[in-house]
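Note that chain A is present in both complexes that follow, paired respectively with chain B and with chain C.
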Partner chain A sequence: MADPVTMTINGREIQAAPGTLVIEAARKNGIEIPSFCYYEGYSLQAACRMCLVEVEKAPKLMVACTLPVAPGMVVHTESQKVKDARKYTLEFLLTNHPLDCPVCDKGGECELQDMVFRYGAGESRFTEEKLHVQEQQWSPVVFYDGPRCILCFRCVRACNEGMGVGALGVVNRGSVSLIAPNHGDHLECDECGQCIDICPVGALTSGTYRYQTRPWEMEHTGTICTHCSNGCKTTLGVRNDKIIRGNNRDRSGINGEFLCVKGRYAFDFYDHPERLQSPMIRVNGKLEPVSWSKALKHVAEKFSEIKARNGKFGVIGSNHTTNEENFYLQKFVRQGLGSNNIDHKRTGDVVTLIDALSGTTGTLATTADLYEGKTFLILGADLAIEQPFLSFQIRASMRHHAAKVFVVTSKEVREDAYAKKSIRKAAGSEIEALEELREALAAESDLVIVFGSSVKGEAVRKLVAFGESLGKPVKYCALVDYSNSRGAVDMGLMAELHPGYHPSETPGMTLPEMLADETLDALWVINENPLEAAGLASDKAFVVVQDLFLTETAQRADVVLPSASAYEKNGTVTNVCGEIQRLQKAVTVMGTKPDLEIIGLIAKEMGLAPAMGPWVSETVYGEIRRSVKGYDIALPLVAMAAQQTAPVNGRVNVADKSALIQGAHETLFTSGTLGRYSKVLNSVIEKRAGMSLAAQEESHV
Partner chain B sequence: MTFSPALEARFEKFLAKYPADRKRSALIPMLIYAQDEVGSITDELIQELARRTGTTPMQVTEVVGFYSMLQRKPMGKYHVQICTNISCLLRGGDELWEQACKKTGLGHKQVAADGSFSLEEVECMGACSWAPAMQVNYDFYHGVTPKQLDVLLDSLAAGKKPEEIAEVKKVSC
Partner chain C sequence: MANSLTDVFGAAAAVAKGMSVTLREMMSPTVTENYPDEPPKFQERFRGAHVLQRDENGLEKCVACFLCAAACPSNCIYIEAAENTELVRISGGERFAKTYNIDYNRCIFCGYCVEACPTDAITHGHGFEIASYNTSTLIYRKEDMLAAVPAGAKPPVVHEPAEAGAH
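Showing the complex of A and B:
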């Protein structure tokens, strides 16, 4: 890299890399230059004139957001001339902006309000009438109030560049310019709400948050989104024990401020009217509400009785529960119930990947690698739809690092638009395209490969062999589908694997085997809905279901125990890249208990509590640290930032069960059971299209 | 959407001028010539040009909204455009505009019921030296007085061709 440039800002000598913009150089040195249109990471606009600074020997004030640093440059950011200029700029920005802060959602966290407060341009010299246009609703989640818009075009860039959707545009010109949605009077897009978040004023407001509260009246809880496997941090705004909004404006967490529609809005399943709030026991063929103590006692008695007669248990764990819950569950099932029949719905071939990568280090990609990398190969995944944050990272890498993207999928995907090469191959035969790409990939300095559920078993081994043959650093990510799918594998919710990928000496029954077994005595399902798609062969099985809702599986249950969602408990989850992050409890839903507590109480009722240990998530995490390889990371570190777990670095000697893997192919607007009960996800029109964006575009032409 | 062979050939020429990943640069001339043929910028046209230039329909809509000579609705057979920017204003552009409104009974961007005339108050058309300037379709008229305007509009309405109207100074371009 070239030598740094030395310059002076406000009398302080600073250094910055050549090409750095003055606004960035100042900010990095703790000198604030206000701006509306300039936004780190997106293209330059130079529209708002708020960042004017005085540069010595320059005849006029300069725009700091497009001015690169130069050696010997002397800049003043707080001179009277600059302050006056900012004040007048604000006066212009306020020509049409209404001063309706008391009723505006943004009031209290509005950048324009802050600036006017600081520079005091509240009184206007304009006597012209303000332009007014009616407020518009563009989708269930996006409202647009034209007069409030200061035309910084952040939303347009976030949508075009950040999301790759391009649903927003600017129509007309000059002071009558307006932001417009892509379909005349409404939006058809990812409904991610980034435009609302990034809006410095209250022009774009959220359909679910508007008029609910003032920002300072909320408590904020930073936790991890419970939908897909990307593990974005979402900061939940809570007031009166109600979650009012989700966003991540402080840019903490792996995702910065990125959130998709699920992370931002789909927390709303938690107070769905059909949420289970009382345990139920089947009496005379009907589920009747009972007390917790009665329900737990009933389960414990039945389990003890089945265990005593050496009956057959089948336990299905969840893709959404915490690592602590998963670990405690498998420990209770294996040691307490004496059964290895434990499994979960498998959504990606992590096991084969880890086995194939045996003996290597640093070969598992992190979410940061998906931004830092220079070359990406996407196999068998509609990334923008199924793994929105990973796709966002790759798009950012493309903009900032000119990353090259190669795609092998069965159908058109959004990545095609900027891929160096896109190849169509039927699902399951993606790796046939590898040789075709060898030359192009070999010319690059590094590579990150992400592959979907259709690449499994032997194909994963071939893929790794191909990667190794390229002779350059290659990192991999086996895509999984839900918030803790990866954690479920790591924690041994697998018939053939104990926590930390230790092969079981006596592998138990897998999920389909349990459902098909006519002699099964008990089926215990935790936050999963296996009977949605398959039947239960055993008529006599005693079925216990822990869930948020009365799912198809819960309807078949003998005992239903209402469990707490991820937003109602503490613990840790592991995302698709193996990064462990911490959940923090935001609210309480009356009548429910976290799954960890439910499992612990069942153990207690069975007299197994001393053997199982306390059902306190921090204590269980301590045990995970001691016994699961790769998870020896102190909780305070996890609380501060995501930490990548490094699982076993050795062979995983188990029979290939990759045939069980089935991608859920959740779209942006579906999320298993949780999605079914999210009002927002069900209200957006994009859901009906079933939806690849390409298919949508077609339907509109 | 299909266009005349002549326009298709023109499109091809425009698109060939730019590198493959910069086809969007051809958008503005394509829009202008397509408007002449189609009559206005229809939704269908926006979709089609977005497809041909590798942009999104939204981006095409942005361009159409920015440039005042691109019309979302068909204008009259004679689209009368009068400049009221500073030079023309000083030399009677305002009076000319008022006269045009009075004469045609139309306002800014309005079209006569029979589709014969439409009126538009435009920004500078680069004819400041010959102010006040006006434009009818693609013909420029310089130093126009309200009287000349009446003659011009009457003659056009009577079916005369622009070049047959001797009273007003037409400038070909």
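Showing the complex of A and C:
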């Protein structure tokens, strides 16, 4: 690295790397230079003039957000000249600003308000009539109020550079400039709401948060998004036990400010009118609401009876429940019910990857690696649609590190637009394209490979062999679909694997085997909907379902137990990269119980509580730390930041069951059962086909 | 003898002086209020129970900005906001207070809310007869505090109360 540059800001000598911008150098040294258009991570705009500073020997005030540091430079940020400049800049910004703060949703967290408060003039000299433009609704979630816009172009850049969508642009010139959506009067985009979040003023507002409350009226709970496997941290704003908004403005967590439409808006399934709030038992062929004690007793009696006559249990765990719940469930099933018939819907071949990587260290990619890396190979996944945050990371790496992207998929994907090379291969035969890429990949210094569910079994081994043959550091990530799909594998919700990838001596039945077994005596399903696509062969099976909604599976149940969603409980989840993060309870939904408690209470009713231990998530986590390899991470560390778990470093000796793996290919606007009950996801109009390319063409900024 | 005569005159003078005060006060207007038989009188700026004002069109002035609630030192104002629509317009701004409660168990009549209000929607009225045997009646709802629709104004659309229960 080149020698640092020494310069002076406000009489203080500071050092900064050459090429650093003055605004950044100042901020790093605790000197605030106000800005609107400058935004860390996005391209420079120099549109707002809020960051003017005085540089000695320069004839005029300089724009700190585009001025690189130079040796011996002397900068003043608080001189009278600078203060006056800020005041006049703000006065200009306010000439056509409506200043309707009392009704403006941004009030209380508005950068313009803050700046005027700090640097602005007390009164305006502008008496002319203001230009008014009607507020526009661009989509169910995005509203635009033109007069409030200060034309900082943050939204345009966030959408174009950050999201790779480019749905926003500027129309007209001068004082009548406005931001415009890509389809004339409406948006067709990712509906991620990044533009709303990044807007320094109340020009872009959120359709769901609009006019609901004020930021200081809410309690803010930082938890993890319960939709896809990327595991973004989302901060839920709660008032009166109702979730009002989700965002992550404090940039904590692996995702910084990023959230896709699901993390930002699709928490709304939780108070859907059809949410189950009372246990139900089938009486005369109809599900009737009963008390918790009655329902639990009934389940316990039936389970005890089936266990006593050595009946056949089948247990299907969830891709959404916490690690603690998964661990406790498999323990109860294996030790309490004495059955190995436990499985979950498998969505990615983590097992083969871990086996193939045995003996190596640091070969599992973290979400940070998807930003730090310089070369990426994407196999069999429409990343921007199915793994929104990973795709965002790669785009950021392209902007900041000139990263190169290679894509092998069966259909067009958004990454094509900026990939060095895109190859079309049918799903399942992606690795045939590897040799074609060998030369290009070998020329790079490192590589991160992410692969979807169509790359499984032998293909994963071949892929790892190919990576090793390149002779450079290669990291891998086996993509999975849901918020705790990875945790379900790690915690042993698998017929052939116990927690920590310990092969089972007596592997049980897998999910399809359970459904197809005509002699099954009991089926216990936790937050999963296997009967949506398949039938249940056993007519006599006693079916217990824990879920949020009356799914197809729950409709077949003999007992339905209403469970709490991820936003209503504590615990930990593990994301696609094996990073463990902490859930925090934000709200309570009357009548429901967390799955951990439900499983614990069934164990208690069966008289197995002493053997199972307390159903308290912290206690169960302690047990996970002791018994699951790679999970020995103290909870306070997890509470502070995501920690990558390092699973077994050795062979996983089990029969290849990768045929069971089936990616759900959830899009930005679907999310299994939860997506079906989210008002926002069902209200947006986007048609996915070819959207990314069309949107790119339309953006001319 | 002479002494007793001075005493008599002295006493008579004292009585006359005292009676003159009485007589003077009898002639001047009374200051004692005849409350509760007659309505009490107030200084113009007396801070009594709040009134939520309407504009000249009869629309509510409150736009649910929450600033009064933020300013209130006893945390006794509770607001729920909602958006005006083409069909149902309650306030002059884009949004209105769907719920606006003041808990008079806690209000200390400090007037901060009035000072904070950017639209002059909340003011102190002169109401003071709010004592009650039942504390729950001391939580005043918007309907209890709203000013009457001014004469000649087109009455605003009546807002339907929100359905009870969040979940």
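As a working rule, the second predicted complex is superposed on the first by the 684 of 701 C-alpha atoms of A that agree within 3 Å, B and C clash if a C-alpha of one lies under 4 Å from a C-alpha of the other, contacts with A are read in each partner's own complex, and residues count from 1 in each chain.
Quick note on the criterion: contacts are C-beta pairs under 8 Å (C-beta built on N, C-alpha and C of every residue); 3 or more make two chains touch, one makes a residue touch a chain.
In this text, all values refer to a predicted model and were calculated from it rather than measured experimentally.
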{"item": "Room on chain A for both chain B and chain C (clash or fit)", "value": "fit"}
{"item": "Touching partner for A:K57 - first (chain B), second (chain C), both, neither", "value": "neither"}
{"item": "First (chain B), second (chain C), both or neither touched by A:G166", "value": "first"}
{"item": "Touching partner for A:A180 - first (chain B), second (chain C), both, neither", "value": "first"}
{"item": "First (chain B), second (chain C), both or neither touched by A:R210", "value": "second"}
{"item": "Superposition-derived comparison: chain B or chain C, residues of chain A touched", "value": "C"}
{"item": "Angular separation of chain B and chain C about chain A, which is computed from CA centres of the superposed model and rounded to the nearest 10 °", "value": "80"}
{"item": "Closest approach of chain C to chain B (Cα atoms, Å)", "value": "30"}
{"item": "Residues of chain A that lie at the interface with chain B and also at the interface with chain C", "value": "none"}
{"item": "In the complex, chain C residues that touch chain A", "value": "63-67, 69-70, 80-83, 93-95, 118-119, 166-167"}
{"item": "Contact set on chain B toward chain A in their complex", "value": "47, 51, 56-59, 61-62, 65-66"}
{"item": "Chain A - residues contacting chain C, complex", "value": "100-103, 107, 210-214, 216-217, 240-242, 271, 275, 277, 589-590"}
{"item": "Parts of chain A lying in touch with chain B, wherever the complex brings them together", "value": "166-173, 180, 182, 701"}
